[in-house]
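Take a look at the structure below.
Order of writing sets the chain letters: A, B, C and D. Residues in each chain are counted from 1.
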Amino acid sequence: MNTGLIGLGKMGLNMVENLLDHRRKVAVFDLSPEAVAAAVEKGAVAAESPDTLAGMLQRPRIIWMMVPAGRPVDTVLELMIPRLEPGDVIIDGGNSRYTDSERRAKLLEQQGIFFLDAGTSGGLDGARYGACVMVGGAKEAYDLVEPLLRDMCVEKGYGYMGRSGSGHFVKMVHNGIEYGMMQAIGEGFDLLESSGYDLDPEVVAGVWANGSVIRGWLMELAEQAFSKDRKLGYLKGEIADSGEGRWTVEAALEQNVSIPVIAGALFRRYRSRSEENFSDKVVAALRHEFGGHGFKANQ
Amino acid sequence: MNTGLIGLGKMGLNMVENLLDHRRKVAVFDLSPEAVAAAVEKGAVAAESPDTLAGMLQRPRIIWMMVPAGRPVDTVLELMIPRLEPGDVIIDGGNSRYTDSERRAKLLEQQGIFFLDAGTSGGLDGARYGACVMVGGAKEAYDLVEPLLRDMCVEKGYGYMGRSGSGHFVKMVHNGIEYGMMQAIGEGFDLLESSGYDLDPEVVAGVWANGSVIRGWLMELAEQAFSKDRKLGYLKGEIADSGEGRWTVEAALEQNVSIPVIAGALFRRYRSRSEENFSDKVVAALRHEFGGHGFKANQ
Amino acid sequence: MNTGLIGLGKMGLNMVENLLDHRRKVAVFDLSPEAVAAAVEKGAVAAESPDTLAGMLQRPRIIWMMVPAGRPVDTVLELMIPRLEPGDVIIDGGNSRYTDSERRAKLLEQQGIFFLDAGTSGGLDGARYGACVMVGGAKEAYDLVEPLLRDMCVEKGYGYMGRSGSGHFVKMVHNGIEYGMMQAIGEGFDLLESSGYDLDPEVVAGVWANGSVIRGWLMELAEQAFSKDRKLGYLKGEIADSGEGRWTVEAALEQNVSIPVIAGALFRRYRSRSEENFSDKVVAALRHEFGGHGFKANQ
Amino acid sequence: MNTGLIGLGKMGLNMVENLLDHRRKVAVFDLSPEAVAAAVEKGAVAAESPDTLAGMLQRPRIIWMMVPAGRPVDTVLELMIPRLEPGDVIIDGGNSRYTDSERRAKLLEQQGIFFLDAGTSGGLDGARYGACVMVGGAKEAYDLVEPLLRDMCVEKGYGYMGRSGSGHFVKMVHNGIEYGMMQAIGEGFDLLESSGYDLDPEVVAGVWANGSVIRGWLMELAEQAFSKDRKLGYLKGEIADSGEGRWTVEAALEQNVSIPVIAGALFRRYRSRSEENFSDKVVAALRHEFGGHGFKANQ
């Protein structure tokens, strides 16, 4: 056994199951005993600590981290570095910022340890049955990990992007595109909903998901969502965002790249969470000031 | 007396007062006796009907319409045409669509009557103390009306734009720009409000209104609005829109002109009035489907 | 034989082949003898005129039009109506405006002839091997045509949308979404290209097309395009647009729906075709006026 | 004499003249002897070094820096700090990032020296005849500087914003609004230019600058620019941008504020400088792949 997985959240646990399906032995660690127990039940081997985890693996060790971006990644690295040896590979499969990944790779390189940044897409379903992974770092380390990726991913659904940081950079841009696509889809269904044709969005999404130019997984998911309730009455239209949309905009600012649609999609998410929007109030107030236009009073 | 004014709403009444201040005699008509009485109190001469109005004016008659765009303009024209004579001038000072003005000018031309489309800006205050007017139509008719415009407008605040339709076209584009400017201002104050600096928007608007690059009437109005309540707590952020923003976007579609900011400002107005926005719900639902991301439940 | 196809452009010809593959007999007509010859070579039966075409088909006749939107559709209808009988079905499979389809359906209804508006997606490839079709009109007529759609389309890739006009409306919105998605993809690859990572867009598109959240046909096409030249050096970045993007924006204006991303994508296309953009010149000139900022001189 | 001015670029020199007009004595320093000579010719007193400058001023010294943002500001501060005494005030009148100003104020506070961040607007003309200044920092220091601001600015055109950083933050947001306004104006004139009305943009700008809702300095500048050449044929439509637009977007990302129009204006500037735009090429290529749509070949 040379594979360890640290971080048994929804994504991590699904990945463990995925690897077990491929007859791989996986040692796992998580701060939550319940998560570890769940993984063990599926067939994984529990490590009581990061220390034990390292001891359980043959060299070169391959350790996949699936923990939240930011501080948690650094914490795991701090714990693991003293227990790893030159030639071992540690992979960050989470949504870290690419600049962090560049920094971390340099740090580990000094110890002879390989650090790969592996942007992972495909959602929970992908983690379980076939993910999509974009990898940055030393090519030599990528080659070591390639058999693991072959098991974890759908066919052709993984690849070597380039030097450290590139895996998470490509994943970040992927998410930026995703924001734009989802916003376009949302706008389209809004148009359908408000038309006078009494259209059934589930039927439309179903047709679009099969043979159209815009077919793809997002359209299949739209069909699935509408199948539960064509009015989506069970949720509020407040759209959360993780870091990647903003980082994409920040990268565009740095690179002087014009991304009106991706940025527009992000800003729409902000707007969706801003109930008493001050910008809109200012515009309504200005209209009132110059034209005596009425306004909707606050009660 | 050769000047008549039909339509004594907020704008029309202010214009009458404005003209009376300039020692002009003005015959007025409105469907509302109260509005007529108000104008008469200021010094205008009441006409009991469009018919009488025409009879009270010396030739060439100059009749300024200040009625809502669309059907009302056509109704007034239908009433007045039989009572006018070749060489008379009828002016649409309202917010009509430029294509309507082109059509109407052609119609009246057949009778030898001049039709001018006069886009009017400056709000209530401008109507009262000095408006801004952009005129389209026959130059000959414009020259006839020019002394009236000199009284009605601020210095240099009026001009001959070109053939019929151009006055309302230029006014429409003016409103498109206004939408974009107001949205930019709204966004800016939103940034100020949400910063950690505890800024007073009235103070900021006051400084910006004096000497800055972005100084102008809108900034003065912003200062005025914030002076009433720096949180604008008295109104809701629901922004109405009249036809001109849409027509501007439609003109851009026809002319293949890229106007992302003006269109963005218009679409933000639509969004401001859409409380349970379906587009946003679709995006939130898609996030949930692929990532198991939580959503804010509707209760 | 009860199926005729009028209009043998790239799409129409592919559809004929598609139907012939399904052992259907198809009578065809086109103004171009070459196009007819090409269809005959594949196995279609040539009609010398629309008149003969009607004569060759058993009732109820099913006639699929695949001609350019606008005048050509009306021309074909004018030619065909006198030759059709109550109960026959004529289908507009092109990219007509939904309001035109509503009008045409009413017109034909008076003669007892069914008119279906069938928005067709899937590109040339879809027309040839399995299209995606959204149909509006009388349900009774749709049921008659359903076996044909089953042959022409991929599984689940067709459906009944609702009353006349709805098929083309849904197709129009589909194209609006497509504009937004394509723009998001374009922006993403622009970010990749200008990053310092020396990424290969073909490799990235290939990975994204397999297992990622943004997988779909457009990503497969991106991979295909980059496989020819990763710099896309063979083309200029001038993006044409057919009517559907604009109609989508117009529908949004009418329905008060906020579609910033779809409209932003359309306006970016306009911008892409505007080499000496006047708007940009105005902004550059304003910067110069207030700040003495240099500008790039025109030579 | 207690006023020094460091940095005699276009803005700084105009400010010196402005202050001299108000019968103030000003000691000046710049690395360029020519710039110093120019200021001396107007009546300023030359300092041979920052050292001498400090020696020439009575306490509390008031030193206005007008140097480029970034490193130059730090360099001047490093030179001046050892020569200043508690109670002296040093003002950064340039376009520094507000976070830098917060840092610098803390640094100088340790020495008992006041640091004010003074966002300056109004262009070259404002610097010369009446600027607009937004000040952040200790209120005590602002009160000391207030008489100088009264001379330098138009009436009501200056104010105390709040703690350190707030002056430059408010100036940054001002520039963000400016970007949005200028883009809206640019789009409007693009619509005028491409209409069939043969409009004269100078005439339109002139009318709009007087009495309209969108009147303001930018419109006056537009008139001025068009008066030179109504086609703006002397410049290319490539719009530069300084840091403030991007910082505004970055602040919005941090503060979760939705600023689609300001960001859209910035991204349009990027686009204006990107001749062979890769994003547009990708979209054109995708259209070709799915529809066999022609493309404009690169030669």
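Heads up, the rule we're going with is that contacts are C-beta pairs under 8 Å (C-beta built on N, C-alpha and C of every residue); 3 or more make two chains touch, one makes a residue touch a chain.
All of these numbers come straight from a predicted model, not from anything done at the bench.
Participant: So which has more C-beta pairs touching, B-D or A-D?
Facilitator: Of the two interfaces, A-D and B-D, more C-beta pairs touch across B-D.
Participant: Measuring centre to centre, with centres taken as mean CA positions, what chain is farthest from chain D?
Facilitator: It is C whose centre lies farthest from that of chain D.
Participant: Roughly how many whole angstrom separate the Cα centroids of chain C and chain D?
Facilitator: Roughly 48 Å, centre to centre.
Participant: Can you work out the whole-Å distance between the CA centroids of chain A and chain D?
Facilitator: Using C-alpha averages as centres, the distance is 39 Å.
Participant: Please work out the Cα centroid separation of chain B and chain D, and write it as a whole number of Å.
Facilitator: The separation of the two C-alpha centroids amounts to 33 Å.
Participant: Please output the residue numbers of chain D that touch at least 2 other chains, ranges allowed.
Facilitator: In chain D, residues 123, 183, 185, 187, 190, 194, 213, 217-218, 252, 256-260, 264, 268, 271, 277, 279, 290 touch at least two other chains, as defined above.
Participant: Given the complex with chain A, which residues does chain B contribute to the contact?
Facilitator: Touch residues, chain B against chain A: 10, 123-125, 182-183, 185-187, 189-190, 193-194, 217-218, 221-222, 224-225, 232-240, 260, 264, 268-269, 271-272, 276-298.
Participant: Can you tell me which positions in chain A touch chain D when the two form their complex?
Facilitator: Within the complex, chain A touches chain D at residues 213, 246, 249-250, 252-253, 256-260, 263-264, 267-268, 270-271, 273-274, 277, 279, 290.
Participant: Which positions of chain A touch chain C when the two form their complex?
Facilitator: Residues in contact with chain C: 121-123, 126, 130-134, 136, 153-163, 165-166, 169-170, 173-174, 176-181, 183-185, 187-188, 190-192, 194-195, 197-199, 203-204, 206-219, 248, 251-252, 255-262, 264-265, 268.
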